[in-house]
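Have a look at this one before I ask anything.
Residue numbering begins at 1 within each chain, and the chains themselves are lettered A, B, C and D in the order written.
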Amino acid sequence: MAKKDTPEQADFREHCRRWLDENRPAPPRTRLPELAIEVSSEEHREYLCAWQRKCYEAGLVACDYPSEYGGGGHDGFQRIANQEMGRAQVPFLINVIGLGMAAPTILHHGTEEQKRNYLPPLFAADEIWCQGFSEPGAGSDLASAKTSAVRDGDNWILNGHKVWTSLATFAKWMIILARHSNEDKYKGLTYFITPVADTPGVTVRPLIKITGGTGFNEVLFEDVVIPDAMRLDDVGKGWTVAMTTLLHERGAAEGAGSGGGAGIEGRIDGLIELAKKTPRGRATAWDDAVLRDRIVQIAIRAAGLRQMARRGRVEGLVDHPMRLPLQGKVLMTELMQDAAAVGLEITGAHGSLYVQDERAPHGGDWPLAYLNSFGMTIAAGTSEIQRNILGERVLGMAKSK
Amino acid sequence: MAKKDTPEQADFREHCRRWLDENRPAPPRTRLPELAIEVSSEEHREYLCAWQRKCYEAGLVACDYPSEYGGGGHDGFQRIANQEMGRAQVPFLINVIGLGMAAPTILHHGTEEQKRNYLPPLFAADEIWCQGFSEPGAGSDLASAKTSAVRDGDNWILNGHKVWTSLATFAKWMIILARHSNEDKYKGLTYFITPVADTPGVTVRPLIKITGGTGFNEVLFEDVVIPDAMRLDDVGKGWTVAMTTLLHERGAAEGAGSGGGAGIEGRIDGLIELAKKTPRGRATAWDDAVLRDRIVQIAIRAAGLRQMARRGRVEGLVDHPMRLPLQGKVLMTELMQDAAAVGLEITGAHGSLYVQDERAPHGGDWPLAYLNSFGMTIAAGTSEIQRNILGERVLGMAKSK
Amino acid sequence: MQPRDFGFGEDEKMLRDSVRKFLSDTFPVDKLRQLVAGDHVEAYESKTPPLNYDVNLWKQIVDLGWTALAVPEQAGGVGMKMVAVAAVAEEAGRAALPSPLLPTLVVTCVLREAGSAGANKALERIVGGDAATMAMTNAQGSWLPEDTDVGAADANDGTRLSGTAYFVQDARKVGFFIVAASSAAGVGLYCVDADAPGVTIHPDHIVDLTRDQAHVEFADVVVTPDAVIASPGEGSDALRRATPAMLVIISADLCGAAEWQLQTTAEYARVRSQFDHPLGFFQAVKHPIVNMMIDIDRARSLVYAAACEIDTGEPSAEITARMAKSAAADTAAFASNRSVQLHGGIGFTWECDVHIYFKRQMHNQMLYGDGIYQRAALGALL
Amino acid sequence: MQPRDFGFGEDEKMLRDSVRKFLSDTFPVDKLRQLVAGDHVEAYESKTPPLNYDVNLWKQIVDLGWTALAVPEQAGGVGMKMVAVAAVAEEAGRAALPSPLLPTLVVTCVLREAGSAGANKALERIVGGDAATMAMTNAQGSWLPEDTDVGAADANDGTRLSGTAYFVQDARKVGFFIVAASSAAGVGLYCVDADAPGVTIHPDHIVDLTRDQAHVEFADVVVTPDAVIASPGEGSDALRRATPAMLVIISADLCGAAEWQLQTTAEYARVRSQFDHPLGFFQAVKHPIVNMMIDIDRARSLVYAAACEIDTGEPSAEITARMAKSAAADTAAFASNRSVQLHGGIGFTWECDVHIYFKRQMHNQMLYGDGIYQRAALGALL
């Protein structure tokens, strides 16, 4: 359901359509993963970096950022660009952490110099970014980060262990939450930018997911020296800055951030199409009223989510400023998970066939999507944590810890 | 599904069938409530007390209690009597709190004298019992009882306020949990028997349920004096004794305790029968595959619960002694609730019609049962508390408080 | 092209805020309790079900023009958008308002679709202060007009209606019924005064304390040509076109009531302590309440999306409206269940307000078809 | 009359305990991980799916007589009750045992029902150590034998089978297949050696790491009369009679694996701390784990009830067995989902064992029909 565009936006949408039409890239030799954070091969990296640069040069990336930082300087263009990239089913933008988390954080909290230095190459995918929040012992408890940052003159010395860092194998930079003091759990945190590639003391180890694929990593820091100029915002402001980052990640979960990729709309259409062509008994899965009821429930949740995002921008229909934005992440990720589970129910026995099997429905995407969905419901604050946040910040209930 | 009877048990079953057949009472003038704890009219009390006495004299009540305390002195007879009373669809036994909670507690913790004094009239329904655990401020937190018991020579002086006390309007006795000391939350509790009817300082006020019916009450104690001889077990043992009581209540939740009444089996049969005769569109509700799937899910839960009770008695198939018994209450009550909700879905528009309406399906029993079901999921430890208990006692997880 | 803001602009916001303020000032929840849940015996055991109705409050509502909201200007109404009607219905739900407002709004939407001279006359009566309700459901409780148990037969003095309409909402509060009656030529719609000769209202004993419901008998009731809303065959089309609006109105009411259940339960979880913590500390309390909120926000968003599609004449309006009803009905079922459970012992008592909303929601859920019913219909549309 | 104790007496308990001890001693979870989840590339990206099979372990299992359990004594087997078979299957599930034990037990039950000379010969082969599996499912994945894609035609040298059977479990681990093939006279069952001429095994790339699956092509395969298990028309009856047993075996495996998921997740909740509390302190962790336990106990109780009804020849056995599969499949779906989620980040990694069980459960859920499928079948039986 498209929103009404201003004349400028309508022109821009037209431009996006035409440009994407003329510049749709040939698919890479090997199948792209479902999500940018799963990219693990050098071939895919090169292919996707080239693609993002092209989109950036065409004005489809960073449209709403100030032009002095390499943005397009427009208003409400990015949503349109994302919609059109989604509609055109072109490859996704690889620098998703950079665009979704690092860039907005730098824009809000960075110095003039930081904005000028880091944003343009980020937009152009000349420099890939990753994110260092989670730690082995901490899980959802981000504020309990133990990675230490010790002041040493004009430098900081980092020591610690980060996990769940997608794209770290390709990343030049990482936004990282570190502890400069143990006095206060929250005030003891400071936020930095740290180099990753070819940096003495930094080791990146790929972790393997339950899907059998790689795509996220653990990163170890041993006496890594970074200048104070790479600190984001004040010492002790780390938690506040991290909240900015996570907020934008949740926003990104609306499906806009990642550019191409099927997204939730595609998932639902795929579900219905799958059901209608999957034989079941003497008819199809769609003719099974119980399965159909489940599919329609998923479709309703998807439509509701889309309308919530729309309502979130209508002041007169919003009771609490954070009420809708804070729901985005948990709703999207659980919907994706449940949709994949229903997809598996539809495929029945064929749900046993995985991506390598040529008889697997939709190329084995349904079991893959279901397995991958747990990355979404666990990463960046589990669904359980999200519900705590909603209950506490929006409904004012007592903290559960 | 009947269990294999010993020869004695088979004879007893035969006796029950014959006796119930010959002594089935004529229905009372006005319709009996669904459960004993909902009895509120004097007419019903008289009718039901007479019925229980008759059953007791016929040997269908207290079959397995020692004969010196008025019991039948048998083994495994009560289950049979309950099964036959259920099958015969005769009225339930009114002294349900006495039989299900007071009697086993007195048998386990009472003195010889207490057993001889209190049990026989309890069995004969000459004396109705009620239970005083819950208090206004405490809710599920039984151990936080504030009703005070102050030692005064050979007496105790009770002051406090109990709620949720079914049958209190008719009760001669109450089993009550009171606080003799504030030093320790649990060790500060002592368990008593206290008179209710015509007792100076005791006030019984009927509370009204969301169904519009009465049936449970609040009871106020003002300087009520009771002799130390009415203490059950030692001073400070109150919590332990209360656990015995609650355990038996959960056991009673298996459906045995209440004698007649539809019970869960009846509910499920009723559900299927209702669906098969309720028109929906051009066919019946049973022909609606989605509704049928829900009904079958309920039927499976009911069958599973019945088989769990059976498995609970098979040592070789039980991993943890409390694992199955502690599940009884929450499973039964939530099943009853969900079954009633599905019943409402089946009746559709007719679900709006309540007990007084002659067009209401099953006499308006489905909305009534759904409303009443919350009494079950809340009373005697909410479902939430039950899950805490299971997680902590059976699975050894940390206490949630 | 759909307006980004659902067409919910300043006017709609002002209207909604004024409705909310009026109801919270004039009809707070304790007024509601006094009106509908005063005495439990009278509530459910009186021979004739009580009406639980405040006529003066209704007069004020009429004077405020809420009933004329959806009436087109040419019929003397305000002619506001469906999103405005949804907002008013949502506030009525939030207040569990016992009144014929909802059925009157529903009738207004049906009359708008009928668009006949008779329909305009009926709309003018509504502007004039008459309340109205649909009489279209058969004994089986079918929501399809074709299934009506009322028959229409031509007669020299007009049309004669015979039969009984069931599940008529707020039947004892209205001035006239819009009756769906079938003949060989199909279903027609007819305007019948509540006190017309041959009309007998049989009140139902219902669970919901904030409504009255009845089955209405029509014994050879004469309808003059100027009271024909839709001629035989056109009645079912008008009703089908009005279905999205009917679903939006009831769904908005469901969402408003559910929001009350959410806020009331959350408040209880904030103030009530147990085990030395506020209830909301416990995730077994907090998370279900959060899930109530999530469900409400999803349903409410679909309600305004559907209303907006009706306003802009999108063919997808029926799909979105059925999605809204499905989401709202399931939201209400869950919110009602948890609002009683999480209030614990007190929530099970008559004195606690939650049961009033619980019962209104039970009624709203089934009205015009519950979630399963709507999803079955959607199966044919997706 | 049903035995109060499901007929689960001392012998059955001793057998179950010995199986449990053997597997926990010989095949603990780290052995399992090494065997099936060593290298993730090899696991899913090798041209031919890996077999993940320990032949020596299988030899020991055969020597222990587990495969002969359900074989009647006259065929040289142990002739134990279905409750004993269920107990063994439950332990196999608890260990996520990669072996042809389950399909062999299933085949045993089918052969018992067929009761022909050919069936007895095949049973003796099983006692002799041969593993076997059913080849009865068509390309669509239908569980009805009538739908088989394999055809049977008479020939002077016996019967000739042509066509492909799909979703054949552990196909590369067995000595022979029991093939359901249809002809004008109906479905018959035939014993075909895995290495018989004309048989081609095409391994599937599957998610489950503890099994292998294949579609098996039969190109004009000759079956001599002594290898006919059930003649045309009798095959489907035998399979129908064996259905409750097949459902009990797979449901028991589901329950055993779910119990492992429960205990492993509960243990993690006991030892892992977050926000300065053990995870289990949080009801958002504790209550789902408790719900896993509740679901398991319900399903497990139905499994033994169904097994017992099979042993005592109750006509209700099919109802109870389908109830057991529905409950067990839904239990596994929930337990799998929560076991990964509640393990958090580590639960999403290959090195954590939960995904091995997660994937076996996914496979078990659909085998012979998932919960929705079973409940649809029950709808016709209740």
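Criterion: contacts are C-beta pairs under 8 Å (C-beta built on N, C-alpha and C of every residue); 3 or more make two chains touch, one makes a residue touch a chain.
Computed from a prediction, not measured in an experiment: that's the story for all the values here.
Here A-C and A-B were compared by C-beta pairs in contact; the pair with more is A-C. Annotation: 53 Å between the Cα-based centres of subunit A and subunit B. A straight line joining the Cα centres of subunit A and subunit D is 39 Å long. The multi-chain contact residues of subunit A, meaning those touching 2 or more other chains, are 288-290, 293, 384, 387-388, 400.
Along subunit C, residues 277, 282-285, 287, 372, 375-376 each make contact with two or more other chains. Judged by the touch criterion defined above, the protein chains are all mutually in contact, each touching every other.
Listing the residues of subunit C that touch subunit B in their complex gives 40-41, 43-45, 49, 137, 140-142, 166-167, 204-208, 213, 215, 272, 274-277, 282, 284-285, 333, 337, 340-341, 344-345, 347-352, 354-355, 358, 362-363, 366-367, 370, 372-373, 375-376.
The touching residues of subunit B, counted against subunit C in their complex, run 134, 138-141, 144, 163-164, 207-210, 212-213, 279, 281, 288, 290-291, 337, 341, 344-345, 348-357, 359-360, 364, 367, 370-371, 374-375, 377-379, 382-384, 387-388, 400-401. Across the complex, subunit C is touched by residues 282-284, 287 of subunit D.
On the side of subunit A, the complex with subunit B involves touching residues 288-290, 293. Here subunit B touches subunit D in the complex through residues 1-4, 272, 286, 289, 292-293, 296-297, 299-301, 303-305, 307-308, 310-311, 313-314, 316-317, 323-324, 327, 330-331, 384, 387-388, 390-392, 394-400, going by the rule given at the top.
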